[in-house]
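Starting off with a structure, shown below.
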Amino acid sequence: MAAPYYRPVGKEVEIFDAAAAQRLPLLLKGPTGSGKSRFLEAMAQRLGRRLITVVCNDETSAIDLVGRYLVKGSDTYWLDGPLTTAVRSGAILYIDEIAEARPDTMVVLHSLTDHRRELFVERLGETIAGHVDFLLVASFNPGYQKGFKELKPSTRQRFIAIDFNYPRAEIEAEIVQEETGCEAQLAQRLVKLAGVIRARPELGLAETVSTRLLVSVAKLVRNGLPPRLAVHTGLVLPLSDDADTVTALQDFANLVL
Amino acid sequence: MAAPYYRPVGKEVEIFDAAAAQRLPLLLKGPTGSGKSRFLEAMAQRLGRRLITVVCNDETSAIDLVGRYLVKGSDTYWLDGPLTTAVRSGAILYIDEIAEARPDTMVVLHSLTDHRRELFVERLGETIAGHVDFLLVASFNPGYQKGFKELKPSTRQRFIAIDFNYPRAEIEAEIVQEETGCEAQLAQRLVKLAGVIRARPELGLAETVSTRLLVSVAKLVRNGLPPRLAVHTGLVLPLSDDADTVTALQDFANLVL
Amino acid sequence: MAAPYYRPVGKEVEIFDAAAAQRLPLLLKGPTGSGKSRFLEAMAQRLGRRLITVVCNDETSAIDLVGRYLVKGSDTYWLDGPLTTAVRSGAILYIDEIAEARPDTMVVLHSLTDHRRELFVERLGETIAGHVDFLLVASFNPGYQKGFKELKPSTRQRFIAIDFNYPRAEIEAEIVQEETGCEAQLAQRLVKLAGVIRARPELGLAETVSTRLLVSVAKLVRNGLPPRLAVHTGLVLPLSDDADTVTALQDFANLVL
Amino acid sequence: MAAPYYRPVGKEVEIFDAAAAQRLPLLLKGPTGSGKSRFLEAMAQRLGRRLITVVCNDETSAIDLVGRYLVKGSDTYWLDGPLTTAVRSGAILYIDEIAEARPDTMVVLHSLTDHRRELFVERLGETIAGHVDFLLVASFNPGYQKGFKELKPSTRQRFIAIDFNYPRAEIEAEIVQEETGCEAQLAQRLVKLAGVIRARPELGLAETVSTRLLVSVAKLVRNGLPPRLAVHTGLVLPLSDDADTVTALQDFANLVL
Amino acid sequence: MAAPYYRPVGKEVEIFDAAAAQRLPLLLKGPTGSGKSRFLEAMAQRLGRRLITVVCNDETSAIDLVGRYLVKGSDTYWLDGPLTTAVRSGAILYIDEIAEARPDTMVVLHSLTDHRRELFVERLGETIAGHVDFLLVASFNPGYQKGFKELKPSTRQRFIAIDFNYPRAEIEAEIVQEETGCEAQLAQRLVKLAGVIRARPELGLAETVSTRLLVSVAKLVRNGLPPRLAVHTGLVLPLSDDADTVTALQDFANLVL
Amino acid sequence: MAAPYYRPVGKEVEIFDAAAAQRLPLLLKGPTGSGKSRFLEAMAQRLGRRLITVVCNDETSAIDLVGRYLVKGSDTYWLDGPLTTAVRSGAILYIDEIAEARPDTMVVLHSLTDHRRELFVERLGETIAGHVDFLLVASFNPGYQKGFKELKPSTRQRFIAIDFNYPRAEIEAEIVQEETGCEAQLAQRLVKLAGVIRARPELGLAETVSTRLLVSVAKLVRNGLPPRLAVHTGLVLPLSDDADTVTALQDFANLVL
């Protein structure tokens, strides 16, 4: 896969370099679609390291990271999980949405994130020293489900952190244009619309407009949909099911476009 | 199976075409029996693509989409799930009632719904690039269980959306007639009755009259039941168990028919 | 098994015939012991179709309807579940107390209850078209656990419905006599007692006297128990554990008998 | 095992005979230690029928009644559960504390407790007609966990019922003496003490003194413990952990003995 | 293992003898560290019977008591659980903290604790008569989790009971000295401190000082720690995490020592 | 692995020696990053004993400590768990975050933590006497989830305890310098900043600054990040997601640095 387009918005590259040099585990904090995954892909390519991604959910457990025995016919063989693979080979392991995973997932990371820097694989009876290039990165969306699913302090304090947020208007417009090949004016108007909506917490959206939505809208316009219908389809309806909120959002769109 | 009868009620065909051209995941929002599934069947036939449907429930999990190892005698073999089949072969995968499924179901879709457009099958250790014709469509009923089972923002913002609702009276009557071969007058009166009931939220129905119910009533009449008994059997009792509501609904029916 | 005794109390036979002719799924609504199961047995015999019954509980799941792989020694073979058997062979499938079952049970019925009329058996990778004689019937007791276990609207609107209730006094007495061979006077008095109790919601019974209880009492009397003891044993104690309610019920019985 | 000692306290034998003759399922209602199990053992011996007992708990399920496949080496064989054994062989099946069992346990009894009188064993694909001597008996303690674990009306109305309670003073004293060989005076005083405690609901006991406790006390006295210590050990401490209640109970004991 | 040191504090030995002679199940009630287990060890040695102990927890189930099939290579064999072993061989089975176990654990004891005195092992299809020397003893801590985890009355009334509490001061000091070889004065002061703390429910301790803690402190002093540090380490910190309570406890200690 | 750097802050070494000599189980109480694990590593090296660590989580159960049967092809073999290994070989078993584990984990420790000092391995039918050098150590963080996950008193009173807290300023600065090679002034300022934050409970942090965070910051500075950005990345963002708290923390940092 070719290197993804990535446009730095702050000091995130410098921080990443320091974390990689000091082998400090790194936590990417920020909302949906703010570019966390894309940033990490670019950084992995920059360092020439393999990136292994695990997207967590309610049922992700330590075994999903470490590995398991599989049975094939009458043979049993061990399959390294993504964490074990990364620890052995010096890859970057990206644990996306770490707060969603089951608690045993955190615990297996402890010995890798302190002075020991080693992984104990109980089922193999084997302790694996972390490869010199192994790096642990996790992501976390603090705005979503505030107070519900949080990381335990004993896990959090094992990571240094970078805050991601939506890029400045000029940069965001540049991203939309680069991703869709749309006209500059459309990109600017969509970014303006995003700014208007993001500035209104009273809309009560579970999460506000991401850059990803702007890209979807621009693609629909490029494919011939009228801008207002494209915004309705690609931005308004994905953001809300509530009739009043849908009307309010569409009104903002009609004003800005 | 022959192409189902489908009567467009808005710009949904144009939006579908743009989504398919841009390979944007598509969310069909709307109440029970508003024609979401039928619309998609018609679109799949129009594009000449295979449609694979998964109806979700509380226990639908990623494994149900991706596939699993089966044991047959002493042999073990892998069986692609519907998602994997669709990704490989370029089919349309329809995830009906996606909000019902378990959270890991969403997560497995992430890499297919962003710039990566690929599926990682952990159990096979294989990453499958999405076929150029692969398209992901999901349905969601926002009125039902409001605030209870909702899609996470990080999932929603990966889809563009179309709103489905009950069709305009003329179109709905046309559908009832087309589906049952009943007389125009009966179809019109049933649609009028539906309009009366849909306009009365004070009835407190969990969900209001769908076109499907009108079709059932027309079929019962075609089979010789008197219209009032047909409405009682095919519309009133399916909508409510409450004695007062049943009486109110039947009164409306008696007035309109 | 010989055809059970069944005494129609309304238009239920005509509605059943129309549902069978139009292949509309049918929901039997009504309290315990109001004759729903017996009605369906009689209808199945009338049409000369096989009746397959599944009584649902909290743990009934789709697999219980569709079928499963069984292991016998080193062989594995597939066993069709009751739904699959009925779909293939054109039997009537009766899903008794459908609201008790787990949600995935409903979902598996969806494609059988709309224009598709087919069953997808994921484990076999097989889609089975519904036999021309296949008919789906379910039962539901709306009075019991009101507001607790209800059918989702998206399931309910797939069925037409018949309301069952206790039969008129003359018919109920006829049923009691027919079932037990007791004297007409006893049957009439028991039905009168049932009427008295059913008319008193202030007794706070979880469910009121069913015809089945009257039959039990008549059988005990036929076996030599004094009527009051028979009512105490066969009607009062089965209805309540509360001392005051037991006394009140027995007082009614002593008055009427 | 020799026939247990059983002393009738009401019309329970006559009712049992009628239930057995009419093959009506029978529910024994009453508190702990009121002689339900012992009564049934005596009745089974009287009829010369085998008695099979299942004591239910939170995890008792249909499979525990019906049977299961067992694996032994590479062979798989079916083992009839207690219900299946009783249905085939004409035994009495006693389901002790039926309200504790999981809901699927009730459901499997339905076809055995109405006009069908047959058991469908899904795993065997076999329908077993009830042996002419098969009888179903269940027990239920209505005072315990009132309003918490109750039988569903659709299950209750399938049984006729007998109320058990503590026997009259003379009979209870007779039972204590018969069971322990203690002196008449001690038995009478213990029964008097039981009467005093049973008449005081303000003590707030989860359940009051059973005949079984009186028997324990009499045995301890027969083995040389002083009566007051025997009552403390065999009656007071088993009834309560609360210091005030323990004192109150012991005060009653000291007064009566 | 040599007989443990046990110092009777009341009539518990006489009661135990009567229970053993009459084969009455015995419940040991009392707080942590009050000597219940040690008492039973001494009684078992006195009678020359084997003592088998099961410490219950939230997941202890009937199968843990009765036994299970184990698979070894292609062979399957049955392993008697501790209850079955005790029933067959005439040992004393000690079910420690019985209220913690899962409810099916109680139920399996029922037939062993009434006139039947036999164990039915369903998986073996075998009924095992209790050995003449088999004795069932259970422990229960009524002060801990009051009102949360309690024994069902139908279980409790199957046991006679002994109350355990902390021993009188002279006896407790004797025990501390005997166990640690410390000086009489230290033992007396520690017991005095225990008395002071036990008399202050306002400290809000989940459970108060046990004799075991006093023994720990005396051991630490014997190993050279200063008494105040030994009390802090062996008594104060094990009792509380609350800063104010820790200070209060240490103040008492400083006063008494 | 070389002996880790450990700097005693109180009498913890003396207490450890007494516990080891008397074989008293030891509980290390204290917040995240206060050096509990590192202390124990140093003590194990000092005694020349092997240290085996188990980090507990919500799903840690007795089987994870004791061992299990594994299947490899057609062979089954037993694998000792970490507890069994430690008991047999005389190692130190460290149960990190013991309060997180499932309750059966505690129960398996009971016979090892009283006068018996032996482990019963039910699956092996084997009782293993504790090696003379076996020592049990557990850790517990009382500040975290206060009142939520606590140790049962019957478990706590089996341990003596040491309180860990953050070291005095001079010692903490020494640790930061030793671990990172940073300049003395930076270490002192970071420790001063930690003191300022720790003294402000009104910040409402789930857990306050650990020494570990100070070390992370010093490493980032050593790698060239400006101190304020290093503190933002390595201390502020790991401690809080709340915008106001983040600002307050950064203000403190800007003042102190």
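Each chain gets a letter, A, B, C, D, E and F, in the order it is written, and its residues are counted from 1.
Throughout what follows, a residue touches a chain if its C-beta (ideal position, glycine included) is under 8 Å from a C-beta of that chain, and two chains touch if they have at least 3 such contacts.
Because the structure is a prediction, the values reported are computed rather than measured.
A.B. asks: Both chain A and chain D are touched by which chains?
C.D. replies: In this structure, no chain contacts chain D and also chain A.
A.B. asks: To bring chain C onto chain F by a C-alpha fit, how many degrees must it turn, rounded to the nearest 5?
C.D. replies: 180
A.B. asks: Please tell me whether the contact surfaces of chain A and chain B are same or different in residue numbering, using the over-half criterion.
C.D. replies: On the two sides of the chain B and chain A interface, the residue numbers are mostly different, under half being shared.
A.B. asks: What's the distance between the Cα centroids of chain C and chain D, rounded to whole Å?
C.D. replies: Their C-alpha centroids are separated by 30 Å.
A.B. asks: Averaged over CA atoms, how far is the centre of chain A from the centre of chain C? Could you give it in whole Å?
C.D. replies: 53
A.B. asks: List, in ascending order, every residue of chain C touching at least 2 other chains.
C.D. replies: 74
A.B. asks: Where on chain F is chain A touching in the complex?
C.D. replies: 1, 4, 32-33, 37-38, 53, 55-60, 64, 70-74, 79, 96-97, 100, 141, 144, 205-207, 210, 212-213, 216, 219-220, 222-225, 229-230, 233-234, 237-239, 241
A.B. asks: Quick check on the complex: what are the chain B residues that touch chain A?
C.D. replies: 11, 14-15, 17-19, 21-22, 24, 27, 29, 61-62, 74-76, 102-104, 106-108, 110-111, 114-116, 120, 122, 125, 142, 146, 150, 152-154, 156-163
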